[in-house]
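Pasting the structures here.
Next come two complexes built around subunit A: one with subunit B, the other with subunit C.
Moving on to the complex of A and B:
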């Protein structure tokens, strides 16, 4: 018979989760200074753990892409490029200003300003081309609902563009009405639905019934 | 049958629905470049939302403490960059204390670039550490915001520019937690962003809060605005251009208004063409 070590038992993280959840929830409803102070300390602990998580993320990426390169899997050269840029930029960011490394040094700033910034902007801007083509193909008034979507989308676009409001200033109040009435009703429903879901998830976690975050969970 | 032959076999209305993406991209490219080279100079009306955003800053009393959080990435810079610099310009013009921070890694660098571009000492007579400070980047997202609300010095132990402990600066006297600030401004392009600020700062501390967002984020933010949690917001380049006019600093957003008009018109035109084609092919029986 295999006996599991006590520290590997699933009940331990569940109990810890319940304790720390209660610590964060109670100060929201009751004023107990000592309790509040402890809850703040736990937030600081979380900050420390998140820093470790960044390091784990870095090593996981290294292992994942390192394996792809080592096994020469399909598209391995993209993984190699990920490794080169990741390790390269990490080295450039090591804070040793005497040899020109670290944040704020000319090399680091040049990569940030002349590589990272334009590439990020270009990636985002290219979406505009894709959206233009997708809008032309997808915006068809096939049903009444699609027709309403098409009409409201066009009105909002005309209100956003200076040429639209220059032609007819009433596009602006129309856009405001679309955002304030039908859009807000929908968004409120979505937000309230998501909040109810989060409450249910929180209650299940507090009761130890939510185990999805443990070892892949059931 | 080749693609070309297949196209030839289709009627005019069918082909109207299947314009090649490359043609759309090329036309889009032209309508972006053309007004940049020869500006049209279309008039821009100022919306109520932009006026509200401007007025919240304008109504600040002398000595007020304002946080400007750069919660955006380099990718969001083309759309949000103009409003960040216009907001900082507006804040620096006033007799208030500006606390700059970031909860997105690139945000701290963007803020530093804005400070360099505006030169607060030279152009506004401001002193670093006395009138404005760059507190840097906190990587802990929502947890970091909670930490910032309860203890500023835990969230930002040293400043971004000189790496000195924050409490050594003159403008940090009397500052400990969220309660000590008069206004929070966040220019944001995603998560952490609006819901996180509302959860950690607005609901528990009731601090006045205005934001700058991407154009596509308006539907998400509208309920928060209507509930009074967000006092005002700027959305996308159009609002940024209106705000540049109000704040008295003409910048990139105003320059981009003409391409914004031409591209929107082109997209609407293609949507109309596609629908005309669709209605005519629907009305007619299809050829075998």
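Moving on to the complex of A and C:
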């Protein structure tokens, strides 16, 4: 029990955070070649950890969807499909080129090009419809702020649509002004505020005060 | 000055100033001089949303975004989101509300599980927590994650959907799905292009820096609240530099630009 206790203490991840943070921050501001090399190594460690974490993903998906299928829960056939595609694509990705398996082989590339890419593209394209429904919700001018949003949104849309500029060419400079002045000013204010917030959060983390991400501060 | 990276001296000085201010105000708060904190309706609404979910017998979804923890820009947003997850997990456990956590980044899955587990333990209900069922790795693909999240939320008829962290194009898909189901939604991100989507589709939106103070706001910890005053001193410096810069550039001088790029 004592062995269990020491490595579960939150001080250990805080100390590790401080050490790795120093290794990243120092070479950013100071010319220390040895540290630069160490910092790069730590970034590589992250990539290695990400790769190992694939097993976590594979295992959790297997456990979750395996259980859903075994218990015949609602929509179990979708879980079965997840398992079939996951295991199937894993097998296709095993690097044995002599039997046509592995990354870069025709089968692997065909699945990527003709299944994954179109699915991803379709999801991205559907954003246009999501924007339309969100715009409908946002453009109901029930407050002064919503009214301003409605007005500026309408002007930008008219400038973007060919018919708008055909009716009145001045829509284009109006759009440019909206983007360059009020929009830019707001974006910069939010960006500066967010950057300061991130630095303050970093300082609190290094002080060991921001512990929400560490077992709820326990 | 050869030991210093060229063009980063002013950045280093600003960082030292900011960290100094954060530490100073945090220590001042420890002595009892805690600054006042303005209300953030989005964070106040979290308790209300969990309570509503408990009354309706429907689950709470909480997401910490799709970014990882190691990126300099998006990492802090993820950390902020995980801080909120920690709070929400304990509240849900206390009220007996089902909690679901969709995860995209594999390295964050164990952290999210650990946070929820601790929340349930703190509430005295560790037996109610099922890690693989409640904290689910959905997909490392952006739209694979979002389509799974949307379907899951729809099937479970979520009563509350809390999204605080780094989001990209999926922000609107998730927020719109939540709005269609009729969930109470709190959305927050520092990714400027996604903020309008959360403002349009969520009941409450946290804008930019507000997500970074969530941990301090929810914990009511005096030192953490004090550190927010240090952050405000950074804002004050920014305002001074902007005004000074505008005046100097208008007068035809680029001295400030040269100093800042030193």
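What we mean here is this: the second predicted complex is superposed on the first by the 186 of 218 C-alpha atoms of A that agree within 3 Å, B and C clash if a C-alpha of one lies under 4 Å from a C-alpha of the other, contacts with A are read in each partner's own complex, and residues count from 1 in each chain.
Going forward, contacts are C-beta pairs under 8 Å (C-beta built on N, C-alpha and C of every residue); 3 or more make two chains touch, one makes a residue touch a chain.
In this text the structure is predicted, and so the values were computed from the model without any measurement.
Enquirer: Is A:22 touching anything from subunit B or subunit C once the two structures are fitted on A? First, second, both or neither.
Expert: Neither partner.
Enquirer: Examine A:38 and indicate which partner it touches, taking first as subunit B and second as subunit C; both and neither are also allowed.
Expert: Neither: A:38 stays clear of subunit B and subunit C.
Enquirer: Name the contact category of A:12: first (subunit B only), second (subunit C only), both, or neither.
Expert: neither
Enquirer: Looking at the overlay, what does A:64 touch: subunit B (first), subunit C (second), both, or neither?
Expert: After superposing on A, A:64 lies in contact with subunit C but is clear of subunit B.
Enquirer: In the superposed arrangement, does A:75 touch subunit B (first), subunit C (second), both or neither?
Expert: In the superposition, A:75 touches subunit C alone.
Enquirer: Once chain A of both complexes is superposed, is A:91 in touch with subunit B (first), subunit C (second), both, or neither?
Expert: neither
Enquirer: Touch check for A:115: first (subunit B), second (subunit C), both, or neither?
Expert: In the superposed model, A:115 contacts neither subunit B nor subunit C.
Enquirer: If we overlay the two complexes on their shared chain A, which of subunit B and subunit C does A:197 touch? Say first, second, both or neither.
Expert: second
Enquirer: For A:209, decide between first (touching subunit B), second (touching subunit C), both and neither.
Expert: Only subunit C is touched by A:209; subunit B is not.
Enquirer: Show me the subunit A residues, by the header's touch rule, that subunit B contacts in one structure and subunit C contacts in the other.
Expert: On subunit A, the overlap between the subunit B and subunit C contacts is residues 28, 46, 50, 54, 116, 120, 123-124, 131, 133, 135, 137, 187, 191.
Enquirer: Please name which positions on subunit B make contact with subunit A in the complex.
Expert: 19, 21, 24-25, 28, 42-45, 47-48, 73-79, 106, 109, 139-141, 143-144, 146-147, 150-151, 154, 204, 215, 218-220, 222-223, 226, 236, 238, 241, 257-258, 260-268, 270-271, 273-275, 278-279
Enquirer: Quick one: in the complex, what on subunit A touches subunit B?
Expert: Interface residues on the subunit A side: 28, 40, 43-44, 46-47, 50-51, 54, 112, 116-117, 120-121, 123-125, 128-129, 131-133, 135-137, 139-142, 150, 154, 157-158, 160-166, 169, 172, 176, 179-180, 183-184, 186-188, 191.
Enquirer: Per the contact definition, I'd like the list of subunit C residues that touch subunit A in the complex.
Expert: By the definition above, subunit C touches subunit A via 2-5, 8, 11-12, 15, 18-19, 22-23, 26, 68-70, 73, 76-77, 79-80, 82-87, 89-90, 106-107, 109-111, 114-115, 117-119, 122, 132-133, 136-137, 140-143, 146-147, 155, 169, 172-173, 175-176, 179, 190, 192, 195-197, 199-201, 207-213, 215-216, 218-219, 221, 223-224, 227-228, 230-231, 234-235, 238.
Enquirer: Give the list of subunit A residues in touch with subunit C in this complex.
Expert: Where subunit A meets subunit C, its residues are 28-32, 46, 49-50, 53-54, 56-57, 60-61, 63-64, 67, 74-75, 116, 119-120, 123-124, 126-127, 130-131, 133-135, 137-138, 187, 190-194, 196-205, 207, 209-210, 212-213, 215-218.
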